[in-house]
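Once you scroll down, you'll see the structures, which are given as C-alpha cells.
Each of the next two complexes has subunit A plus one more chain, namely subunit B in the first and subunit C in the second.
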Partner chain A sequence: MNQYWKYFLMLGCLGALVGIGFVSGPFVLYLATRIMILCIFALGYNLLLGRTGLLSFGHAAFFAIGAYGLAITSIHISAHPLLGILIGVTAAALLSLCIGFFCVRHTEIYFAMLTLAFGMMVFALIWNLRSITGGDDGLYGISRTAISLGIVNIPIRKDYQFYYFVLLFFVASVFLIHRIYSSPFGLALAGIRENHIRAEFAGLSVKAYRLGVFTVSGAFAGLAGSLSALLESNVAPFSAHWSHSAEPVLVSLIGGLQTFSGPLVGSIVFVALREVLQRFTYNWMFWFGVLLLAIIIGFRGGIVGSISDAFRKYSRP
Partner chain B sequence: MLQSLVHVCLAGISAGMFIWLVASGLTLVFGVLRVLNFAHGSFYMLGAYLCFAVLKAMGGNFWLGLLLGPLVVSMVGYVMERYLLRLVYHLELPYQLLLTFAMVLIFDDLVKMIWGAGSIGSPAVPGLSGSVSIAGREFPVYNLFIIAVGPLVALGLYGLLEKTWWGRIVRASASDREMALSIGVNVPLLYSGVFMFGAWLSAVGGALAVPYVGLLTTGMGEAIIISAFIVVVIGGLGSLKGAFLGSLIVGLLSSFGTRFMPMLDMFLTFGLMAAVLLWRPQGFFAEG
Partner chain C sequence: MDQHETTRRDFLKAGLVTAAATALGSGIVKPVGLWAATPNIKGPIKIGYLTVLSGTLAGYGEFHKMGALMGVEEINAAGGIAGNKVELEIRDSTLAAPACIQNARYFVDSWGADFLAGVDSSGQALALAPVVGELDRVLMVTHAATEKLTEDEVFKKGIKQVFRICTPTYQDGNAAAFVAKDLPVNTWATINPKYEYGYTTWNMFKDTLGKLKPGVKFTAESWAPFGTTDFRPHINTIMDAKPEGLYSVVWAGELITLVKQAKQAGLFDKIKHVMFPVGAAMDVLEGLGPEMPDNIWISGRYFFLYPDSDRNKEFVARFHKRWNHYPAYVSETAYSTMYAFKKAVEAAGSKETGKVVDALAGMELDSPAGHRVFRKEDHQAMYEVPWGLTKADPKYPFKIMGKQIVIPAKEFFNRPPFEGPGTHPPFKDSK
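Right, the complex of A and B next:
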C-alpha cells in the first residue's frame, strides 16, 4: 500500500466517524463512543505490550484512577469536564510513574506479577476507602455539564454531542500515539522488545525507556477511564480489578499485537462481537475464550497482521 | 482474647491449607513446565463442582466424589497440556499466560452452562460433621481434618520428589530439560504427567472445599488463583517448601486481617506480594 492510499483510507474513516454522529440513533452512538474509548485504552496499552513486549495486569488501576479522578473532581470541586479529565489523566500518569518506577526493575513474569500486585493494591484502596470512593457502590450521578470556555458554552449532554467530544480525544490520541510509534522513542522501544541487552549496549537506558512508556500508557488508560466515567455517568470499583486489564490485552491480540492499527480494529471487533454474542447466548465469555485460543495458536498476527501478510503474499507472486 | 486468637489462628491455617493445595500444583507446574497457569484455579473450581456432581448422583457419598472428581479433572488437565499448552511452549510469555487465561474464560462458562450461574449449596460430610471444643469454643471437626490434610500432602510431595526415582526424573527435567532429553527421559510425557498431577492436587483442594465453603460459585477459582499467585511469589516460583510456608502466611494474614483490620486486609496481602517481588524476587524461602 502506498502513501496516498493510506491517506485516503484515513480520510474515509474520519468522514465515516463524523457521519455516524449525524445519522445514528442513541444505541449506535453509545456503542461507537464505547469503541473509541476502548481504542484509546488499548492503543496506549499496546505501546507497552506490543511495542515494548511488557505484559501488565495493572492498567485497570490507571483506568480506574482516571475515572475516579474525574468523578471526585466533578462531585466535590467542579463539574467542568475538561478540568475533571485533566485531573484524572494527571493522577493516572503520576500513579503509573510511581508504580512503574518499581515495576520496570523486572521483566517477563515478575513484571506481570508486580503490576498485578500494585494494581490490586489500588483496587483494595478503592474498595475499602468507602468515604472517598463509595466502596463497592462506586460513585454515581456524574453529570455531563457544558464545557465553558470563557465566552462560549459547548453542551455535551446529548449523545451526539458527547460522541463528537470523545471523537476529538480519539483523533488526538490516535495522532499522538502514531507520532510516538514513529518517533526515536518509539523505535527504541521496539529495539528493547527485540533485544534488550543489545539496546543496553547501544547506550539506551532501558529502564528509563520502559518507565517512560509505562507512564505514557498509564496516562492514556486514565484518559479512557475519565471519558468512560462521563459516558456511563458512574464509576464502579471493579474497573480497577486485574481482570479488567485483560480487556486491552484481548483487544490488541484480536487486532494484532505488532501493528499500530491492531487495537483500533480489535476494539471494533471486540465490542461488536460481544454485542452480537450477548444476543444469542449468555456465555459470550466462552466464545471469547475459544476465539482467543484460535488467535494464539493459529493467527498470532491478529486480524491486521494476518490481512497484511496475505496482502504481501498476493502482491508479490 | 486468647480464645479468639487461637480460633483466628486455626481459621487462618485451614484457609491456608486450601491455598496450599492449589499453590503446590501451580508452583510444581511452573518449576517443571515454566508456565504460570491462570487456569489452575479453574481446576480447583472444576474439582469442587465435579465432586458435588458425583455426590448428587451417587447418593451423597462425599468420599466417592473426592476420589472421582479430581481424577476427571486430571484428565481435563491432560487434554489441556497435550493439545493446547504444548503448542505454545516456544512462544513468548504473554502468549502462554493468555492461553491459560483463555482457558479460565472457557472453564468458567462451561461450569455455568452445566450447573447454572447461581451458587449451589453443599452438604455436610458424614463422620466429620460435628464440632469439638477448643480453648472453650466450638470448632468444626472438618476444619481440623483439613489442617491435618495439608501437611500430609506436603509430606507426600516431599517423599515423592526427593525419595523416589520418579521424583529424581522430575527434578532433573526441571533443572535441565535438554540434558534430561538427551539421556532418554521422555520429557513431553513427563510434562503431561506433572501437569495432570498439578491439576489433580488443585482439584483435590476444590473437592475438599465442597463441605468447607458451604456454597459453590463460579468465582471460586478466580478468587483462589490470585491467593495462590501471591503464595508462590512469596515462597519463590517453583519452590514447594516456600509455597507451603507462603500458604500459611497468607492464610494467617488474611484471617488476622479480617479479624483486626478488615479495611487493610487485602491491601496488606498484595503489599506483601509486591514487597517480596521487589526485594527478594527469588522468594522468601528459596535456597540461595
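Right, the complex of A and C next:
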C-alpha cells in the first residue's frame, strides 16, 4: 500500500513538473528552473551536512568553478553545452577533492572555518585573475547553443526547452543522490555522523568516506553552477562568495536536515518566498529574514521533518 | 520497521513537493497579464525600474526612486504618455547580477513591463544586456558606467534594445585627462578601487593624459578592494611616492572615508592637485559637509547647479520641494529617462520595442542636465557634465563646484568603431 502511494506520488510530481513546462508562462518557467538548480545544489550539499554532519561554508567555490568551467569552455573551446557541463563538473569535482583532502581531517568549527578559508581563496582568485575570469564584471554572453548529437540537434535556447533540459538533470540528480543516500556508502556516512569514533572502530576509514562525500557534493555543486551559467547567460565572482555558500545551508535547514526531500521543499520555499515578498515590500530582506527565522525555530527538524513527525504521531495514537 | 518509516516519510515528502509545485504553478501563473503587442498605444505604459534598495548603497536606490517617481508624477499630471497613464514599479535588484536578471524577467514576463530602466553596477548591466535583447524590451541604463556596455554589447554585438542616459567612464577617465593636462602637475598617482571600474578609468586617464601631455609620469598605484574602511595604508603608499597630483574614482561611502582619513594624514597639504571624478555625487558632498577640503577637482554624471538653465533650475526647485533633498545624479538620470520614454513613444506612435528603438536612436532630449543626444551607433547619450573645484557657499551646508570647466562631449567620448586610429581622444578635428 505504502509502496503504491510512493510511486503514485512520485509519478504525480514528475507529471506536475512536466506539466509546468507545457502550461506556464516564461517567468514561472524561469523561477522553476532556478528552483531545480538550487535543488541540485542543496541536495548534493545535504549529503555532506545532513547525512555526514559536516558543515561546509565553501561550496559556493565549487558552484562557481562549475559555472566558470562552463563559461570558459563555451567562450574559448566549444559552445556545446554538454561539453561545458562535463568540464564544469569535472573541474568542481577535482577542486573539491583537493580542498577536501585538507579539510576532512577536521570536524565541526575547524572544518567549517577551513572550507570557508579555501572558498574565499577561490573567490579572491576569480576576482583577481582578470584576464581569464573578467574580474568583477564576470563572464557574460554565454549562449545556449543547440546540443548536437551527431545527426540530431536539440535546441535549448527557448525557456521551455531549457526547462526540460534542466528537468532532465534534476531528475537524474535526485535519483542518483537518493541512491547514494540509501546505499551502504550513505548508511556508513550516517554512522559517521552519529558516532565517528565507533565508525572508526567498526573498521570504516572515516577520512576516506568524508573525502568521498565531499567530492560528490562538490561535483553536484559544480553541476548546479554550470546549469545556472547557462540559465543566466553569465557568471560573476560573487557566486563563489561565502554568502552564496549559506544558501544551501539555509535551504537544508528550512526543509529539514535529516530528510532526503528537505532540500527540495526548502528550495521551493526559499525562491518562492523571496519572489512573493518582493511584490509587497521594498524591505523584503528584513521580512525574508524574519520568516526564515520563524521557519527554522518554529519547525524543528525543518518543514519536512516536523510535518512527518506530526503525521507519525497522528497515525499512531 | 525502519523500512516502513522511510516509505511513509517519503510519501509525505513527495506529497509536499507536488502540493508546493502546483501551488507555485497556479499561484504565479494567474496574475500574468496577457500582453499582446498592438499597433496603437493601448493601456498604461509600464516601466520596471531596477536599483539597489538594500545594503550599504541603498541610499543610491532612494535617489533613483525620488527622480523616477517625480518624473512619472509630472508626466501623469500632464496627461501621461500619448494619453496613457504611466505605471512605475521599482524592485530591489541589489548589486548582484542574478537578482537584477530575475527582476527584469519578472517585470517583462509577469508584470508586463513595456520598458526597463535603472541598473547600478557594471557587472549587472553587462549580464543584463543579452537578457533584454531576448526579452525584447528597451533598457535605459541610468547609473552603470562601463564603456563596454555601449561599445561591445550595443555597437559590436548589436543588442539595440540597450541605451544609456548617464555619462560613461569617459567622464571619469578621458574628461579628467583634459582637465589634468592644464594643471601644473607632472607626476600622478592613484588610490583606485580594486575592480574593473578602477582599472578601466585609471588606464583611460593614463592613456589620454599621456597623449595630451607627453612626458607626464604616473608614479604610484594603490588598489583598494570593495568595502575598504581603512584607507591609511593606501594613503601612506601614495604620500611616500610624493606625487604632485592624486586621481581617485573611489566613490560613495568609501570616498567619504578616504577624504576624512586623507585629511587627518595631511595628504591635502602635501598634494595640491586632487581629482575625484565621482566626488560631485550628492551623497559624498552632503556626507562630508564642511569637511570636504576646498580646491579639489570633482565631477559626476550631473551636478545640480549645471547647466544654468531654467529647465534645470525649475527641476532642482521642484525636487527640493518634493523631497527636501538636492537631486543626486541618479535622480536626474532617472527623471530624464521617463521623459526620454515619453518623447520616444510619442514620436514612434507606438510602444512596440522596435519602433521605440528607432525613435530613441539619434533622438535629442532637453533635460535638466542639458541637451542630450542618443548617439545612433552605440545608444550612448552625449551631454556635458562640468568638472569643477570645490568651494564653500553660504547658501548650502556642503561644498559646491566653484570654478567649472566644461569639455565638449564630442571631444572626449570614444567614437565608433571604438578600435583603431581616430576612435580615442584626442581627436584631430577638435583643435
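FYI, the second predicted complex is superposed on the first by the 310 of 317 C-alpha atoms of A that agree within 3 Å, B and C clash if a C-alpha of one lies under 4 Å from a C-alpha of the other, contacts with A are read in each partner's own complex, and residues count from 1 in each chain.
The rule is simple: a contact is a pair of C-beta atoms (placed from the backbone, for glycine too) under 8 Å apart; a residue touches a chain by one contact, two chains touch by 3 or more.
Note that the structure is a prediction, hence the values are computed from the model and not measured.
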Subunit B versus subunit C as contact partner of A:Y282, first or second or both or neither: both
Which of subunit B and subunit C A:I307 touches, first, second, both or neither: second
Touched partner set for A:K6, first subunit B, second subunit C, both or neither: second
Which of subunit B and subunit C A:R179 touches, first, second, both or neither: neither
Partner chain(s) touched by A:R198 [first = subunit B, second = subunit C, both, neither]: neither
Touched subunit A residues, subunit B compared with subunit C: C
Partner chain in contact with A:L31 - subunit B first, subunit C second, else both or neither: second
Subunit B versus subunit C as contact partner of A:L49, first or second or both or neither: first
Touched partner set for A:D136, first subunit B, second subunit C, both or neither: second
On subunit A, positions contacted by subunit B and by subunit C: 127, 282, 285
Parts of subunit B lying in touch with subunit A, wherever the complex brings them together: 36, 84, 87-88, 91-95, 97-99, 101-106, 108-110, 112-113, 117, 222, 226, 229-230, 233, 237, 263-264, 266-267, 270-271, 273-274, 277-278, 281
Subunit A residues touching subunit C - in the complex, by the definition given at the top: 2-3, 5-6, 9-10, 12-13, 16-17, 19-20, 23-28, 30-32, 34, 127, 130, 134-138, 140-141, 228, 232-234, 236, 238, 259-262, 264-265, 268-269, 272, 275, 278, 282, 284-285, 303-304, 307-308, 311-312, 315
Subunit C residues within the subunit A interface of the complex: 4-5, 7-18, 20-22, 24-25, 28-29, 32, 53-54, 90-92, 96-98, 101-103, 105-106, 109-110, 122-123, 126-127, 129-131, 146, 148, 153, 157, 195-196, 199, 226
Subunit A - residues contacting subunit B, complex: 49, 53, 55, 102, 105-106, 108-110, 112-114, 116-118, 120-121, 123-125, 127-128, 242-243, 246, 249, 253, 257, 282-283, 285-286, 288-290, 292-293, 296-297, 300
